[in-house]
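Next come two complexes built around chain A: one with chain B, the other with chain C.
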Partner chain A sequence: MTSTPLHAAIAAGSTLNSRTATSHATTKIADMQNAAAHAWAQTPWPTRTTEAWKYTPLKALEKGEHFTPAAKNTLTSDALKPFEINRLEALTLVFIDGHFCAEQSDDLTQLPTGMTIEHLSDASDLGQFNKAAGEHATLFGELNTASIDAALVISVAKNAQVIQPVRVLNIASANKPCLANARILWQQAPHSKATLVEHFVSTQGSHTFTNSITELFVGENAECEHYRLHLEDEANLHIGGVYSHVHKHARLNSFYLAMGANLQRVDVVTQFEGEGAEAVNNGVYLPRNKQLVDFHTCIEHKVPHCNSHETFRGIIGDSARAVFNGRIHIHKDAQKTLAELSNKNLLTSNKAEVNTKPELEIYADDVRCAHGATIAELDALAMHYLRTRGIGQAEAQVMLSFGFINELIEQLNNAAIVEYLRPVIAQRFANKSELLDSLTNNALI
Partner chain B sequence: MSQENAQSVLNAEPLSDADQQIDDAINKEYSAGFVSNIESDTLEAGLSEDVIRFISGKKNEPEWMLEWRLKAYHQWLEMEEPEWAHVDYPKIDFNEISYYSAPKSMADGPKSLDEVDPDLIATYNKLGIPLHEQQMLAGVAVDAVFDSVSVATTFRENLKEAGVIFCPISEAVHEYPDLVKKYLASVVPVKDNYYAALNCAVFSDGSFVYIPKGVKCPMELSTYFRINEAKTGQFERTLIIAEEGSEVSYLEGCTAPMRDENQLHAAVVELVCLDGAKIKYSTVQNWYPGDAEGKGGIYNFVTKRGIAHTNSRISWTQVETGSAVTWKYPSCVLKGDNSVGEFYSVALTNNYQQADTGTKMIHIGKNTRSTIISKGISAGKSSNAYRGLVRFNAGADGARNFTQCDSLLIGSECAAHTFPYIESKNPKAIIEHEATTSKVSEDQLYLCQQRGIDAEKAVSMIVNGFCKDVFKELPMEFAVEAGKLLEVSLEGSVG
Partner chain C sequence: MLTIENLQANVSDKNILKGLNLEIKPGEVHAIMGPNGAGKSTLGHVLAGRDGYEVSGGSVTLEGKDLLALECEERAREGIFLAFQYPVEIPGVSNMEFLKASVDAVRKHRELPAWDAVSFMKKAREACTAVNLDQQFLKRGVNEGFSGGEKKRNEIMQMMLLEPKLAILDETDSGLDIDALQVVANGVNALRSPDRSFIVVTHYQRLLDFIVPDYVHVLADGKIVKSGDKNLALELEEKGYGWLEGESA
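What follows is the complex of A and B.
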């Protein structure tokens, strides 16, 4: 690996450091950035022998051109129209290539009761910034921390029940390869309830490398509904991480969808910080053409009496590849833990490939853990059944594939998101419009 | 509540009796831990070209064999010790180990069992190995390897009639050089891994089995390994060749004396399973696991692999209860169409034992099938990991794999891990993997106790039931032995 990209990125990090420290908080940020830039420079570049990157080559990044910081770009309101989610009625925050875009975002002065949103650099204190991500720092996490530009802090006050979802719309729009660092710090105080929708999209002809980190802190008895939808075009790259701390009796419900980007890697680390908490991490990945999707999930059962459920399903077609690594780590004192993980894959092409590794690492005895993984093609019996009912081969295939994924979509709590995703996913399988309609409509019933 | 009352409540705790029994059982000694007083020729510790020349010379090996060893040695020097396994042990100083030890009375070479040192035979009798033909369990032929050399091979004449070759590999080098040249390191290449390369350089003995075309081996073949000398390493090499349409069942057992220092055992086993052949390889591994404080014990770093050709079947069954550190992945390369690979494993760890064991199933041919059943039991402060790889190559149409790994945890200080790597490049292949982890069910324990079965016995029953799927794959005598071994190693680790 040449040092060019490393140097470029470090340079990007250090220019930020030259910002004059105006408050205690900004000094702290500068320190953090320096430390992260240093760590980024010290961490060796991942190769095939790096366990966490065994199946995910980073060739696309090795040319180094993706490490030029993205310039500020603006888009018209019309250009943003296609990215709307009908009936979600969310408070929308727009980021273009990692830069916060106030003009296109909803008015930050008129927020739902109990919610505050501020830039990290304006924040009076850093709160829990980098507390969760820092514990599991990765090479790209350091890069993100080294060059946090427009990190937003979204806080929900104690006892606040925010019904309006917050949608963070990240648009990749740069027409030349560049680096966009996106960072969200989401903190929910005890007994609060809120919904976060992370929506990653791209404009035509964009070549952005998005390096995103989201930290979720779910306080005692709080409830967090979290969606992360990756719908970028295939010319973009994305490496990201979602790091959460779930406190006593809190509940985190996350859903991941990966349909975009040529290379997409998401690290999901959910850590229990208090007893009686529950976390659900579900996900769907549908890579095609030459896409590579990589989910590395890790559930840290640090304390007793917590439950975790995880279901990831994928359909891999063309020459695409999928990587799934689902780790359940039960610490020494985490007795009475219940942890489940399931990963099911459908391979639909001779050139497609899937590598899955559901891991259990258990240091407590009074626990119940199970994981399962399958890789197969469509069930021949189900196929036969549909054919006997007069349904054509191609149509039957689409119905079964869609059904396989739709099972997870239908479970989502937010009806607007379900409505938004159903046609998006159906489109992946059905080329004929009548089939598409019937799928979308049937599913509605 | 008065203090007295509190005390009586504590005493009335239902499991306290059981705890006592359990403690007794835990303190049960390793029954194979005696040292035999046999004079032996032991090479000074250290590894160099001269050592390899010495070993080769001792065996009167032909020039090609020596060259092969030296080449392996130089390759080994350039390799690095693997560190990916989920085990933790102080770095091994390879110059602290003696690479050759032979009972002295062997120097002149016994011609038959009658000439074998009676002390040696007594050792085997003590271990319960029926070495003497008259004392044999019907139809088990034994090749016994003591430290570094093969001591005796029983039933050789009977086997010869059937055309089966079963002899120490050092003999095979002389008598069947073509077979050895053709197949040695054909399954596990010299550079396969660090310990395999080391084994190639210094292996001193092991078993060689050749089953001719269409022959069903008339009896079970068996090898017993024993490390007797202190500060020696044991590096045995087993090569089994099953010609087209032949069948063989092979058993392997291991023990070592109790010693404070750790000893190294790095074996290589290669199975060549030609078209339509069947090889069943069973292991009961009971190397000295170290004492209750984790002192001493054997480092068991073993490479076992078989190549299955068209329509053939390789079946690995292992019961692993010994060794301080185990690093072992018996594997199948399913090269031919319709070949079958099986892996049945019970791995039990107690006290400070560490095991990182599992299998690899590489599906290359069409319609290849594999089954993996792994049962891990961890007790005490031990750590037990299943690590497996199931790979379907692009050409493996219609291939199938089913994997089940279950872990049972006994005690709050042990650890159980599962690291399955599953890779598929073929849409016509089906893989199913499931794993569970739980502790001994309190309900089951309660039910047994309620029926008048004490806690110790009940746990043993439950664990035996947990391992049933694997035990039923073992040959009968071994299944009995395995059951007993579990009982001794585990009984009463429940608190």
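What follows is the complex of A and C.
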């Protein structure tokens, strides 16, 4: 198939400079980038007939203006204050429109024991770069790989127990449409433990298209706690992917929140590479106005004796739309697999829409698999119960919506994240401050 | 306090209440007994304002106000409290958040000063203690995973905080062991006062040993067919409802 004229124009545009190599590693990077640029140019632009994009039109990108590379922007420390997460006490790495901002980031020479952070271009070897993402390459993944300049490699050494979370703060700040590529390579050696918080936010008036790929490699017996919080303003766009390899007896615990951006598409691919591993992928999406949220998740049970648990919940309001595609792929040899998937949706407006599809592909015969998807309105009996206690209809709606989401928030391991998210989510439903107080004052007990 | 005149109500086009009359004065406790399907629970739901319970005739006034014209939540704020036979589980909303929102709404309507967070917590803890519920239940989702008895005690706890004018207990004794029954009854008795009334819907005389009623009514086929004092309950326990059938016609 040939690409669209738009597509060709973008490929020929300034985004993709061809690379010249200066060392062995950079030769590899250049090769990878050139190959990805080629793939990006060859892949047809998604349309309604492209299965993976069936319910997610890319009209917003088709004008082409979002493919201008983002310029380097600076922000004051004051401008960053609203993005802090109290009590998280994280090591914070700041990217502004995809560019690493050393001045606003914590000192990379003062890292917790066992952790190293370097730019891919400075790295002595490429490690596992693009190993997970490359296997499931998508159109935008190729674009990311082709144009990556600020990829960061975060490595945790064998046996290192890093208590301090790493927060990667991605700020969309460009005042006109542009492209920000963000790329994280997170590598945990065996028996290590660490927490990654991907925090996507925006400044007022920003129009950034963020194209963000994160790869997580969780080594044998390692534990990874991962949060990905999409909180950009609605004028921004976001397409991203999180690709993980979970090795023998390792554990990955991921939580996704999608509240921001007018178009949000996140591909989540978790692949088991060794027996006895476990992965939890939970998520929440709350589109409103004309927002569109699309989660495409896939659990690759390649090997036996692994457990995966996945719960996504969404509340879709106004004229917003949500797409959820949850695939569980159990390979031929993956006996004794336990895989659970649940997706529940609440529609709070007549114009809201959701397309949800659990997809099971099972080639092993001794597995336990449970999946389900529901679309509903608020529970009438619960509504009535609240009203018999004097709570007005509007407030009861807020409480029930909040409760539906809060069930997942309360399960998060990191108390600072819970504390940060509860008011952010309550605010989405409640405009009455009194109710907000009672919803966020739980710390009193 | 509450005057029910010739109340008729349908559920799913089926006639359930067929001309019910009842007068409750401040401070009185009225027990309503009767066979299954007589309309006891329907009466509670109609008074509390549940959707789908259609009033087709008659009137209900609370202190002179037309109760039936009010929305469900307005009735609660005016002082109607229904303790559910089957309290509803609401995961994700903590009991505390729920109680605070509820108490705030009711006190605001009654033009009472709002309780600040600290005094609210104190009251909530006291109410827990009074019904023998661990304070951990304040943190948990509303009724989520509570046992039958815990749910009923949670209802009484809410009633204590909301201080209603008229409390309707819909088979609050069902599913309770004797100790829990006593706890619930103590909670109710502690709230008895000259200006608060109760309607106690029950199948069993046993509850009325603990919550001694001023009046006992037998509801059969949508009407009150017999009224008496607490001794009527003893008589019913002994004879059943069969002997009253002639009187319902």
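To be clear about the criterion, the second predicted complex is superposed on the first by the 421 of 445 C-alpha atoms of A that agree within 3 Å, B and C clash if a C-alpha of one lies under 4 Å from a C-alpha of the other, contacts with A are read in each partner's own complex, and residues count from 1 in each chain.
Just so we're on the same page, a contact is a pair of C-beta atoms (placed from the backbone, for glycine too) under 8 Å apart; a residue touches a chain by one contact, two chains touch by 3 or more.
Just so it is clear, the structure is predicted and the values come from calculations on it, not from any experiment.
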{"item": "When chain B and chain C are modelled together on chain A, clash or fit", "value": "fit"}
{"item": "Chain B versus chain C as contact partner of A:N34, first or second or both or neither", "value": "neither"}
{"item": "Partner chain(s) touched by A:S121 [first = chain B, second = chain C, both, neither]", "value": "neither"}
{"item": "A:Q335 touches, of chain B and chain C: first, second, both or neither?", "value": "first"}
{"item": "Partner chain(s) touched by A:L381 [first = chain B, second = chain C, both, neither]", "value": "second"}
{"item": "Partner chain in contact with A:T43 - chain B first, chain C second, else both or neither", "value": "neither"}
{"item": "CA minimum distance (chain B, chain C), superposed complexes, angstrom", "value": "15"}
{"item": "On chain A, the residue positions that both chain B and chain C contact, one per complex", "value": "none"}
{"item": "Residues of chain B touching chain A in the complex", "value": "84, 392, 394, 407, 409-439"}
{"item": "Residues on chain C engaged by chain A in the complex (per definition of touch)", "value": "48-51, 71-73, 75-77, 81-82, 84, 87-94, 96-98, 100-102, 104-106, 109, 117-118, 121, 135, 138-139, 141, 158, 162"}
{"item": "Touching residues on chain A, where the partner in the complex is chain B", "value": "51, 55, 332, 335, 345, 347-377"}
{"item": "Complex interface listing, chain A residues touching chain C", "value": "380-382, 384-393, 395-396, 399-400, 402-407, 410, 434-435, 437-439, 441-442, 444-445"}
